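What follows is a pair of complexes built around subunit A, which joins subunit B in one and subunit C in the other.
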Partner chain A sequence: MLRFEMRGFSGYAVQYSPFLDSRLAVATGTNYGLIGNGKLWILDISPEGQMVTRRDYLTQDCLFDLAWSELNENQCLVAQGDGSLRLFDTTLDKYPVAVYQEHRDEVASCNWSLIGRNTFVSSGWDGLVKVWSVGRPNSVMTLKPRTRSNTAVLDRPNGTGTTNGKDCVYQAKFSPHDDSLMVCCSGDSTVSLFDLRASQPGQGPTHQFMAHSGSETLSVDFNKYRTNVIATGGVDNKIKIWDLRMLRTGPLSIRGKWPEGPRGAKQVQCTNEIVGGHELAVRKVNWSPHSSNYLLSTSYDMTCCIWQDMGYATDRTRGNNSGYGVTTGRTNASDLRNGLVSRFTAHTEFVFDGDWSLWGAPGFVATTGWDGNVFVWKGTP
Partner chain B sequence: MPESCRVNPIQRFISKRDNVSVSSLPTLISSSHVHSSSSSSRSLERTFLQGHVPSLVTRQPLISDNKYSPPYVPDEASRSNTIGSSHSETWINQFSAMKVEDPLEASLEYKRLYKNYERQMGNGYRRFNSSSPDLKPQFVSPVGQRIQKSRLLKRGGTVPLSGSRASPYGTIQTHSTTTHTPTDALLEAEFNTLEQELMEQDLATPETRETSNPAFTGEQRELQEIASSIVDACSPPLTPLARDSPVQSKLASSKFMGLMKRVSDGDVTVKPAQRELFTPGTGDRVGSEYFQVGNGQHDPTKK
Partner chain C sequence: MSARLNDIKDHLTGGAHPASSTDTTPDDVVIVAANRTAIAKGFKGSLKDVNTDYILLQFLLQLVASFPSEIRDHLDLIGEVACGNVLNTGAGATEHRAACLAAGIPYTTPFVAVNRQCSSGLTAVNDIANKIKVGQIDIGLALGVESMTQNYKNINSLGTISDELKTDKRANKCLIPMGFTNENIAQKWSIDRAKQDKFASESYNKAERASKTGLFKEEILPIPLPSGKMFDTDEGPRPNVTSDSLGQLRPAFIKDKGTTTAGNASQVSDGAAGVLLARRSIAEKLNLPIMGRYVAFQVVGVPPEVMGVGPAFAIPRVLKDAHLNVSEIDIFEINEAFAAQALFCIEKLGINPSKVNPRGGAIALGHPLGCTGARQIATILHELQPNQIGVVSMCIGTGMGAAAVFIKE
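Up next is the complex of A and B:
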């Protein structure tokens, strides 16, 4: 296990470089992100097995997420509390090479498309999802998961003109299989799937469903091998795994229109769920880049876990070595250990993010949290 | 105290059915203490109502006289069903003045603690507008969410304090707005009024008023309230099992929670102009110092 301490800063996001095997970037904020500066840390893992600072960038406001460029090995994008996205070049000092300023509130997440490599997406507390092209200062597309038609269903005016934080889009991510597909999750518990080819300004998502029983859905991630499978984590402490082909149509998942239906929203059914794995809300979920059924989760209970999706297994017995497998018909609830592969408990504050190493032996992960630590540890045997 | 927790059968009986027929009273006793057939219980009932109770009392040492008098008055219909109504009324009054001394009854200390527990749970429900009995885990999102919301303070944004309270269940309530029956509309209006009252009560909690520094600005007061709600949400649970969980020990030693306690006590607050936290009493900075950062930008073409 390696440890790096960022004194005075709380970790919000960590990501391995997709180009360099020993490089990490960490987005942080002072005073737990409450108020003050932010800092982007570029860390190198030395041959001696120590993490050292290669470069750092102090920012005017706290940083809440980051994404390495898939186009340029030296560029890293950060999501800042003042509503801007900043692209830093690690060969240059101090200032970013580009600033993208359109969000009205904090930018909660950013993600670089793995296929359309000059495209990235951002989401924020203003309830908007924006698609950007790296060479353009203005966004290419603005999407709103909560349209006028579904907002009336999802919440009720409270007389103050606010929507009680339900608007916040906590995370937006491109599909690693199709650069026209994007998924996001919101404070109103919904997961929204956008097909960028079909989306028009003001129009709702292609599919939308309530994922965590009305509690905020804090994180979502596409499985890197199974094209239609996503995982979500929420305030109900659960991790849920969904197959987008098997979303049972109900009042909350009807395309385009949110009808005045019967009382109570029918929820679509997930294919698997991990219940009781975390004692507090699940902050981030992240599928393994090496396996189709391993999942990393971080939580407010100050632990990180690696889970095996018991509902799916690679089928090597039938001569299929492609990494793809078959559904087993099981769920994690049917497993005595809940499919828990490993649990990491060294963090002493809320754990906000974790990322799988793309390099070397599979199974290494880096995690960061409000204790100001970055840990690199082996998650799978 | 809920019905199921009352151990005194007479209290339970009276509180549940205050128009019950008298004939069922002896049945209650006979079923618990006197094992007899239905016919014998009927004769016992007759005997009981005709005044031969001393034998019953002597046979049932658990029953004794007590000053406590439950507000039980049998109705006309039930009285007409009894034998010797005038005589039995006297008995009914005497009987209602009795109290069963249950050796298994919980101690006064336990009752007091349970009452406190109920009160706290009641507050929890009201505070978070939740119907879930397992509230603690849901507090986490408020922790994360409220922090994020409090960030809005520095730009003078509106902070919806009740946001996280309403959010988890607002959806379900909202769907009722999509139906248009008159009953639903009435209920909805009633619920709205009640909810508004509860929210107003909640926003003006006595502890906040007591500890709030009068010199605080609106933003600072809001931050204090947010911190208080976080501290309340993460306070140790009542059950020993949950109290011993690793999360609770970590929360107890969490620096973030320590800061939130200080903010909720009014010991620390935000200084928006300097974008720092400070102690109002001494003016000392708390946490990290803020550095002005230029809004410069490299020209990528000159790289």
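Up next is the complex of A and C:
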């Protein structure tokens, strides 16, 4: 385990460089990210196995997310509390090389497209998702997961399953398999899938469903191997795994008492869920880049976990070489350990983000949180 | 800053959302089948000459025959059988395992006998549901069977505790006969005889109506008697019961001032019931029908001398777990051990009386002790409409109450 302490700064996001095997970036804020400056840390893991600061960039407001450029190995994008996105170049000091200012409120997330390498997406507390091209100062497209028509369905009074109406889009991510597919999750519990080829400004998402029964959905991630599988984490402390092909139709209501909305969020059944894995809200979920059924979660309960999705078996776990995995019909509840591969407990505050190392032996993970620590640890045996 | 702080606060405090118990997931414990035998009158009814193993065997043969072929032809998929029973020696651990084997359930499927007095049938369901929840098994069968006719003799109605314990006031309370615990409730909370008789007569009328109009047809599996005759109709309900006719009966426990009579107490009966449970992911994989889902179960302890108040404390406890409140429940099946205790619970919880036992309760249908909980589930899952929520509850001798929440699908 490696540890790096960022005195006075709380970690909100951490990501391994996609180009350099020893480099990490961490987005942080002072005063627990509630008020004050932010700082982007570029850390190098030295040959002696120590994390050292290569550069840092002080920002005027707290930083909530970051995304390494997939185009330029030196560039790193941050999501800032003042509504701006800033692109820093690690060969330069102090100032960003580009500023993208459109979000009205805090930018909650940013994500670089793995396929369309000059495209990235951002989401914010203003309820908007914006698609950007790196060379253009203005967004290419603005999407709104919450439209007038689905709001009517989502916020029915007095029904169990109604949402708190929170607009904030906590995370938006491109599909690693198809650069025109983008998924995002919101404070109103919904997960929205946008097909950018079909999306029109002002129109709702291509698909939308309530993922955490009315509780805020804080994180979403595409599986890196199974093209239709996503995972979500929410304030109901659950992690859910969904197959986008199984967007089962049916009224949103769980009690059959609400009329169906015009373009309402459907009630969808997940293919697997991890219940009781975390004692508090799940802040981030992140699928392994090395295995189709390993998942990293970080939580307000100060722990991070690696889970095995018991609903799916890969060739390796099944011990044959047919070339394909299969669904098993099992759920994580059918496993006595709930599919838990490992739990990391060294953080002493909320753990906000974690990322898998793409480099070296599979299974290394970097995590960061409110305690100002960055830990690098081995998550899988 | 305050917005960011509030956001974090929401994430920390938003965990308990009311819908968390009411949306469907692959981990849900679902009910695939819930049936029962007709309930026979004790000592003079159709089942008076047979014992529980016979009743259970015949019931299981019918139940298995009613299963979809995915289960019927692969009974080894049943991971465990739990059977509630109160009066048999050792809760029938031997003879009921024997009945399972005779019914064609393979020896590889283990068996457990469960006795928590009147909640045994419900406790068996909870036992199976928990095993499914933690992943020990995927599919399980919960049963309840009782022949009060054959086995009432097995218990000393005063119970047996050692002389050394009899001097302990607390221990001694467990020996209070059930009728007296009910008289205690009637007296303490002033529930008069007329009110009890009215409640009892309504139970009779509801059961009579339900029986006549065939509402029990779907839940009752007819079983053959040794004579070859089929037994398919409840023997407890009788026509033309009024509070006046019940008013003629003499108190059964306290000769002069008592209010509990044979008419406003549950009947002595024989019968069996069974509930097949599975994890949803497995039920869907096997294409099994899903009647509803098990949501939560709780048992609480109450003073033994007023054991009948059990449901009044068990129901709020289980509803809290499910993030539901009393008004959101569509039907309550509350076992009518006695009219006074049932009335106390209904009034204490402020339940709309029309939601309670719409097809009559144990006063009219009978109360085969270990079978009752499973019987109530068979009844409630056939009376609930899709997406309605039901609660099954009962009081338990020696001072307890049990309650469980089910949602029809």
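Simple rule for what comes next: the second predicted complex is superposed on the first by the 347 of 381 C-alpha atoms of A that agree within 3 Å, B and C clash if a C-alpha of one lies under 4 Å from a C-alpha of the other, contacts with A are read in each partner's own complex, and residues count from 1 in each chain.
Note that a contact is a pair of C-beta atoms (placed from the backbone, for glycine too) under 8 Å apart; a residue touches a chain by one contact, two chains touch by 3 or more.
None of these values were measured; they are calculated from a predicted model.
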>> One more residue to check, A:306. First (subunit B), second (subunit C), both or neither?
In response: neither
>> Contact-wise, after the overlay, does A:8 reach subunit B, subunit C, both or neither (first, second, both, neither)?
In response: first
> Which partner, subunit B or subunit C, is in contact with more residues of subunit A?
Replying inline: B
> Between subunit B (first) and subunit C (second), which, if any, makes contact with A:280: first, second, both or neither?
Replying inline: both
>> For A:34 in the superposed arrangement: first (subunit B), second (subunit C), both or neither?
In response: both
>> According to the stated criteria, A:218 is in contact with first (subunit B), second (subunit C), both, or neither; which is it?
In response: both
>> Applying the document's definition of touch, where does A:330 land relative to subunit B and subunit C: first, second, both, or neither?
In response: second
>> Taking the superposition on A as described, I'd like to know which of subunit B and subunit C A:79 touches: first, second, both or neither.
In response: neither
>> So in the superposed three-chain picture, is A:106 touching just subunit B, just subunit C, both, or none of them (first/second/both/neither)?
In response: both
> Does the superposition put A:42 against subunit B (first), subunit C (second), both, or neither?
Replying inline: neither
> What is the shared patch of subunit A, the residues that subunit B and subunit C both contact?
Replying inline: 33-35, 81, 105-106, 125, 160-161, 164, 166, 168, 187, 213-216, 218, 235-237, 280-281, 283, 300, 350
>> Help me check something: in the complex, which residues belonging to subunit A touch subunit C?
In response: 33-35, 81, 105-106, 125, 160-161, 164, 166, 168, 187, 212-216, 218, 235-237, 240, 253-257, 267, 269-273, 275, 280-281, 283, 300, 311, 329-336, 350
>> Quick check on the complex: what are the subunit A residues that touch subunit B?
In response: 8-9, 30-37, 58-60, 62, 81, 89, 91-92, 94-99, 105-106, 125, 152-156, 158-166, 168, 187-189, 210, 213-216, 218, 235-237, 260-265, 279-281, 283, 300-302, 345, 348-350, 370-371
> For subunit B, which residues are in contact with subunit A within the complex?
Replying inline: 137-141, 143-145, 147-152, 154, 157-158, 160, 162-164, 166-179, 196, 245-247, 250, 253-256, 259, 270, 272, 275-277, 287-288, 290-300, 303
>> Could you list, by residue number, the parts of subunit C that touch subunit A in their complex?
In response: 1, 3-5, 7-8, 10-12, 14-15, 17-20, 22-27, 133-136, 138, 279, 281-282, 285, 323, 328, 386-389
